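Each of the next two complexes has chain A plus one other chain: chain B in the first, chain C in the second.
What follows is the complex of A and B.
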């Protein structure tokens, strides 16, 4: 066991030393919070593709929503001589030390989609602004329901800070209208099946709701199915978040009312582009670059496709 | 007097899940007038159908003193296989061929995949003496990874009305999903009560050494049991996929826990040899009713988890007290 461990460590060190060898293409590590959700799969794969197109080799690491595992990935990426890290953090606070660790090792980190709570650890942060997007969704929700009625909120995973960013943005608008009453708020874990089941039960208690706000598109699709089964699909307005394939199609068919389109393709490509320019010597990156999130509904749906704008 | 109590004690012990369910239902119907309605009853039955399915398989495994942690991942893979084959078939570009699948074909293929993974579990556990906890834990990861590979991480949606019928159709006034459950429970009851396999399962869980000495083919029985668990996970996978009209790559995560909870609440001992199919069905109904009731009452999601945990704990403690005295 001991000699084996030693051999592995040595080989890691040796590859580490070869980092500045100009003959090999530079290596980019892509560390994402989870691959258990199509949105992040798309983000990671787009980043990997862009890196390859720019002539670099890349590898995707899955942190499985676990800051601890993420820390291991950073250690491995540093040890095996990656030249840059495109990073989708698991947690704004918990991921800071990981980024600092890479910085100390001289490896630039480019954050994608989610931010970390540090001004100088990451080389650049290209962020999607969930909170403001949900403010816009909240405004749309209020006007669609004509400022009154009862509604249901389906939360994502309650320990995930994105769940609360979205929820808080939405409520910062909707809570100003006392005639809009939230009759139930339940967690459905960003999961389509759970959302359908929870919605079925909620509809028993509150058959006369007017709207449903869901923290992501998978839950919106599940809620829609429960409403369809209960024969209430047309009347109740359902709003999701993400801009996923199913949701875009559903809005096109006149089913879901709206979703918020984030631009994972743009975010991933910008981050990979930043890494490319970093290698070529550029150092003056915007510390935080917010990528606006756009509200997609029936009236502008023709401009959009899954995870982005039509080209 | 003493003997009279002793005589009825097993009966009380046997029906404790039923008593718990009745108490729960009475409490919920007092708290919410929406609970005790026919429609809500069907909601609960539809919602638990998947858990009942995989929990029946889990019960058989647990009766042999084993455990199957891979049910959720096997469910996801089987569902994804069904959806993928139905939607895309298998293209064979090298020969410019394309193999399409009929609805029946996709279902058979999905059941086959589930059974093979279950068979593999059983083989690893018997051939290499890997503890079931470890062997099926490995399968949990393997099958999840295979699901990701098969789906490339994206859901497969839009599977057509025929496939939808399984998940959202009705037959003779009862949801198709519930019919499937009834058939599976009936088949399991026959296996457990009327066949040599059923007797062997209990014998192995009761005392493996004694079972071996009395000539029971232990390895074969275990392999069959894990294969059945895989097959039933695949049935669950088809049910979930059809219900959602979409195969989600992250379907079935932590379903093994719900399933173990149903088995345990139903009074089956995790050390094997003792427990019933109907107990597990009741356990699954209790969990379903609890999930449904807590949402009906709009209990905060944080508290829901705490409450569910205590219910599991309580049922096991009551069970332990009963068996100790019996």
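What follows is the complex of A and C.
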């Protein structure tokens, strides 16, 4: 091949590549545990918006709290040539394989809110500090109930680390007060309807409770509904976790006692920002980044709105 | 007759193949054999309290100096604090000496340069003991649950091993020197009375 022809062909090829990159921006897959909970919808949509603002295309995948479906989404994302995955896992242990699969395919994974049981599979994990927040919720619970009474705990999904970080943080405080007695503890999978059913059933056996600690706001709202139906909502103190829209309104109306405000906007934007920096060459990400969570009660409700602080 | 032998051989083959195809083991045995060793939070906490912390005792800030610094140069004071997240709750590793003025079921009350200080003797709660030194990082652990269990184990050790001899001996008028953890909220003015989670206590 003559040198001139070679030069022309090479320059045409390079120009073509450049156009291709501009016409087809990098793609980010946003795989979330469920879109059946407004908190995760907000998380996913915020991540998608941030990705778009940064110039990337994105698509949201709903795992419906099913690890098999989540695995299919990962296969799909890998086969479809996605360049990064912003990930909210369904199962701390079960999701590790999916993240490793993406890593092996050279796709960075940035976990949002929920943790996987691995230090090195994900590029980074941006996690709410649920444990510390539940220590504060536990202190509030103890003082609200004046250190005595019977209470119920509704757990989230038992294979999720957030479930146990919240429960353990709460108990690390409350268990120091022997006159506070937990009369029932059941899983309601972070689901409002399930929480209502579970609470209705618990109330049959324990009608005289004083408090309910729930691992998220959806369950707190479900428990509140059951307590209202049983005519006990005025007396029983209900605490949730998340800072969801209906929980914030409920605290304002004097119904729920408290929640813990996670900051999904910050988590989602950090994850999308990390993906952007990864594309630009950065590799030194904190393996786990705990994001502070703040207690919201009638005392400070005016400072907060759904999913965050008032600006 | 030949047919019978054929069936027996066939049956033996099926049994042999089936027997070698299916293995039933306890899930716990499989987990243990996988090499994934369970994290021993109690041992980690014990080593941290009795070995790591004493080796880094020079990290502790004098409490009187800290209170002065919080009032006169807050930026410098807060730069000596630690936390695992960037929220308002911050933790200081502090040391000091003071005279016991009163003892009740929850605290030993100290007087340090005319400032009231409470040494917690009953409710050892929260992550102050874990976080105050800044020596423990979230990246040290496979899961945040492991890291949080360390906090609970540390608090248990303080209740079991640091406090009993102190609460038995502590009386008003006696002098005590301590290393402890102090939690303050960065968005609030420090309270007049500071509460310390004890890590090491010596009655002099």
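As a working rule, the second predicted complex is superposed on the first by the 243 of 311 C-alpha atoms of A that agree within 3 Å, B and C clash if a C-alpha of one lies under 4 Å from a C-alpha of the other, contacts with A are read in each partner's own complex, and residues count from 1 in each chain.
Operating definition for what follows: a residue touches a chain if its C-beta (ideal position, glycine included) is under 8 Å from a C-beta of that chain, and two chains touch if they have at least 3 such contacts.
Everything numeric here is computed off the predicted structure, so don't read it as measured data.
In the superposed model, A:164 lies in contact with chain C only, and not with chain B.
Once the two complexes are overlaid on the shared chain, A:143 sits clear of chain B and of chain C alike. Applying the stated contact rule after C-alpha superposition, one finds that A:184 touches chain B and leaves chain C untouched. With both structures placed on the common chain, the touch criterion links A:129 to chain C but leaves chain B unconnected.
When the shared chain is aligned, chain C comes close enough to touch A:290, but chain B does not. Of the two partner chains, chain C is the only one touched by A:176; chain B is not. In the three-chain superposition model, chain A touches chain B and chain C at no common residue. Considering their complex, residues 92, 115, 117-119, 127, 129, 131-132, 135, 139, 161, 164-165, 168-169, 172-173, 176, 286-294 of chain A touch chain C. The touching residues of chain B, counted against chain A in their complex, run 32, 34-35, 37, 39-40, 43, 46-47, 148, 152-155, 157-158, 168, 240, 243-246, 248-251, 253, 291-292, 295-298, 301-302. Contacts from chain C toward chain A in the complex involve residues 84-89, 123, 125-127, 138-139, 141-145, 148-149, 151-152, 155.
For chain A in complex with chain B, the touching residues are 35-38, 41-42, 155, 158, 183-187, 191-193, 196-198, 200-202, 204-205, 218, 221-222, 225, 229, 245-246, 249.
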